[in-house]
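So, here come the structures, one by one.
Two complexes follow with chain A in common, the first pairing it with chain B and the second with chain C.
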Partner chain A sequence: MADYNQDGEQEFQFQQENDGVNNQFFDHGLGNFEKTREREQEELERQIRAEQTQKQVDYHKSSQEMRDKTRTGGNYLPIKTNLKQAYSPFHIFVSGHIESGQINDYDGLCCKYDFVAGTDWQIIDGNRSGVSQHSYKSQQTNRRVVWNYPFELAFSSTNVTGWPQLVLTMTNRDFFGRDQICGYGTVHIPTQPGSHYRYLNVFQPISSSLLSQVFGWFKGKNAEFINPIELLSKNEGREVTRVISTGVIKIQFHVTVKNMDEYGIFPFKA
Partner chain B sequence: MADYKPEIYFIGQIVGGSDFPTDLDGLFVEASLKYGENWKLIEKTSTIQTHTSYPDDEGFFVFAHPFDFYFICESVQGWPKLNIKVWRLDQYGKLDNIAYGIINLPNETGSFDLECPTWRPMSGWREESYNYYLGGPPKLVNSDPIVRDLNKRRFLTSMSSGSIHIHCEVLMKGYRDSFISGDQ
Partner chain C sequence: MDLTLIDFSARVGHNWTLLSGKDTGETFEEIKEETEEHIIWDHPFDIHYKAKTMRGWPKFFVEVWQVDEDGRYSISGYGIATVPFTPGQHTLEVKCWRPSPQGFFKRLAAKILGIQPELEFKDMLMSSAERFGFEAETTGTVEIDVGVIVKDFQLHGVQLFTQI
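Let's turn to the complex of A and B:
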């Protein structure tokens, strides 16, 4: 019994040892197997993730490519390509005419236009300034004065700030043939392409004192700005002047815009 | 999506004012921009002041004051507004703030003729009679009830005044690429 018991114990012990060894062996094997499986799973997951990221990247790329193909704007500017210049300027073609005006008590009116733009703007073609004929009211159209004075310009720029303005200076000719200032006015060129009418309100500076007004009346000269173009195109330094409104002028603009969508701006409503 | 910020240009003119209760006195407008923290105004001062204008026979005051505002916007919140104060210069050289108004700049590309109706605060018979005989309506101490603390408006009584006409043209850059409306 004891032997048997001993044997059994021994066998048991042996079995235990064996089991232990086997367990150790099998544990080892099982662990390796499990680790390889985990590795395979990780690789699979990695592959799946890589595919997904690749898909995302492809999607983004394709959407960006699509956007580039459909249109270019903002920072999608094509840089260093042979087809287009880097930071290519946009162009604005303005034509139109100063149609007519109505200024209260004045007759024999002449208008001088000046186009003023910012530092980044260049005039490619056309006259920056021009002086129209002297025009008198007729018997039939007793109110308005017609000039029908055309202008045509082409601008190019790389920056929107300093959008060009039209500055008008009106003079009239009195009984003695003297010219005197009777109005100033400004208007921006329309930013929307197409044809536009603009009604431009005209004003006239008032003398700073009554004495100079009386002298001016004798001399046949109203008060006038020394540098009207500089003063009217900017919005600084005008606080000190006093003006009175005198009339309205009608101007017709035709605006064409080129390359502005490449710059990132879509002034037209699609 | 886009790695640059949308930019916006407000180009236009304070054209004039009409229906103001003065016939002999000159008016000028002080307009200041109010905008959110995420908006950045480039290069220019945010307050403009026009010349003093005297009316014609129809009571129209010409200002013809051009502006050219250039913003970079990081968020659409706090879209810029023009806070308008109308001042009166009477024949004795006295300056009075006679009207207030605020107007949103347009949030769409295009050209717009805006009209900003204005008002002035009104108080009791003492101030009104002072205004009638001596000139000079009651004034606001600060511009908070116009712009910021809208809950304080209910403590005010007001009288309506004339309106300021503004012509504004808007150009938007990069609004489509940022998927913000307005540039459609």
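Let's turn to the complex of A and C:
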């Protein structure tokens, strides 16, 4: 440890050790008193810290037991595997068709669908929007048009608000081959897993004045919304807009939900 | 005399494998009497699938062909129906359409000669890709009776029906 050939260093070291060990016996000043107080305080703090950590450990243990025993809402649920996060999202898988429509006055109908969801929602898979073919009525007496236009989407979210909606925009093709807006509609994705049919009543805005209506008729441009998706998916900004009903669209939904009951969300009556 | 037949297939996505059964088929050429209301094919199928994902859930794809008096085959409708997610017995009503002839002369040819346009790429029925500018004509309805049995979906946290 110390080099014995160099005396001075050895002595210095000894003195240092002596200072460290016997400080409280030889030093009778105020500093000694302060130092002892510091040590006591440190010990106290250490004890307090140990107690706190023990408390925390106990709390975690007990809460884990509680979580295992009871089921409450939110994310305070038993997590059986380490791979799963407590806040991991739930998923919705929607598949279906925009099947057919019954619209009396128009022919050559084309529908555009858009899925709109809240800010917490993400589309993992599938097309957010799509435009179908122009469907003409059959030559028989049946006044139905068929698209059979499929959609297949997977959503994920951590929050239920802003449940996804389907916004439909219909256009028709007139005698001159011009495409005009002839209907809007919106419907939520069914919250209940399983197969569902939704009959969507579509409507069309009408011009505010007769003059613009006549001009629109000549130009081949009916009254239409500037931003229909934004307007239809929300429940504001609809006042003083006159609309007229045009027909019914039949939409087929097949819905499954994943991991919803695991995080305490029950979108249906069990 | 009115002969009709159906060329059907069950289509699935990736990660779906056919374990047993035959997923394509063609029915008899059924003669429809004038007194009958429906054409009856009574074609059975029994298909068993294994899946890793929900995407690509099976769909029935039907092609209805008709034979006229001169023995010419022409398309009478394409239809697509998703197999329901819920187990049980279901009746699917597959609404059918066919591409309509575009242009005056094509329409005339369809009326006089019976030349109907057909789809070259039939997978477009399955996809939701854009179809704007494509004109189609509504034709009829095909009914499929299907019984669905599912197994072990709940082990992966997937709820197919409202029961816990």
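Going forward, the second predicted complex is superposed on the first by the 187 of 270 C-alpha atoms of A that agree within 3 Å, B and C clash if a C-alpha of one lies under 4 Å from a C-alpha of the other, contacts with A are read in each partner's own complex, and residues count from 1 in each chain.
By our rule, contacts are C-beta pairs under 8 Å (C-beta built on N, C-alpha and C of every residue); 3 or more make two chains touch, one makes a residue touch a chain.
This is a predicted model, so every value here is computed, not measured.
K.L.:
If we overlay the two complexes on their shared chain A, which of chain B and chain C does A:E262 touch? Say first, second, both or neither.
P.N.:
Touch status of A:E262: second partner only.
K.L.:
Under the stated touch criterion, which partner chain does A:G177 make contact with: chain B (first), chain C (second), both, or neither?
P.N.:
A:G177: touches no partner chain.
K.L.:
Just chain B (first), just chain C (second), both, or neither: which does A:R144 touch?
P.N.:
A:R144 contacts chain C only, not chain B.
K.L.:
Just chain B (first), just chain C (second), both, or neither: which does A:P190 touch?
P.N.:
Touch partner of A:P190: chain B, not chain C.
K.L.:
Going by the contact rule set out at the top, does A:N201 touch chain B (first), chain C (second), both, or neither?
P.N.:
In the superposition, A:N201 touches chain B alone.
K.L.:
With the two complexes superposed on chain A, say which partner A:C110 touches: chain B (first), chain C (second), both, or neither.
P.N.:
The answer is second: A:C110 touches chain C but not chain B.
K.L.:
Just to be sure I follow: which residues of chain A are touched by chain B in one complex and then by chain C in the other one?
P.N.:
Of chain A, residues 192, 269-270 contact chain B in one complex and chain C in the other.
K.L.:
What does chain A use to touch chain C in their complex?
P.N.:
93, 95-97, 99-100, 108, 110, 125-127, 130-138, 142, 144-152, 154, 173, 192-195, 252, 254-262, 268-270
K.L.:
Where on chain A does chain B make contact in their complex?
P.N.:
Result: residues 67, 73-76, 104, 160-163, 165, 184-188, 190-192, 196, 200-203, 206, 232-236, 238-247, 263-267, 269-270 of chain A touch chain B.
K.L.:
Would you mind writing out the residues of chain B in touch with chain A in their complex?
P.N.:
Chain B reaches chain A through residues 2-4, 9, 11-13, 15-16, 26, 28, 42-43, 45, 48-57, 60-62, 64-68, 70, 89, 109-111, 169-174, 176-177, 183-184.
K.L.:
List the residues on chain C that touch chain A in their complex, please.
P.N.:
Against chain A, chain C makes touches at 54-55, 57, 59, 79-82, 84-86, 90, 94-97, 100, 125-140, 156-164.
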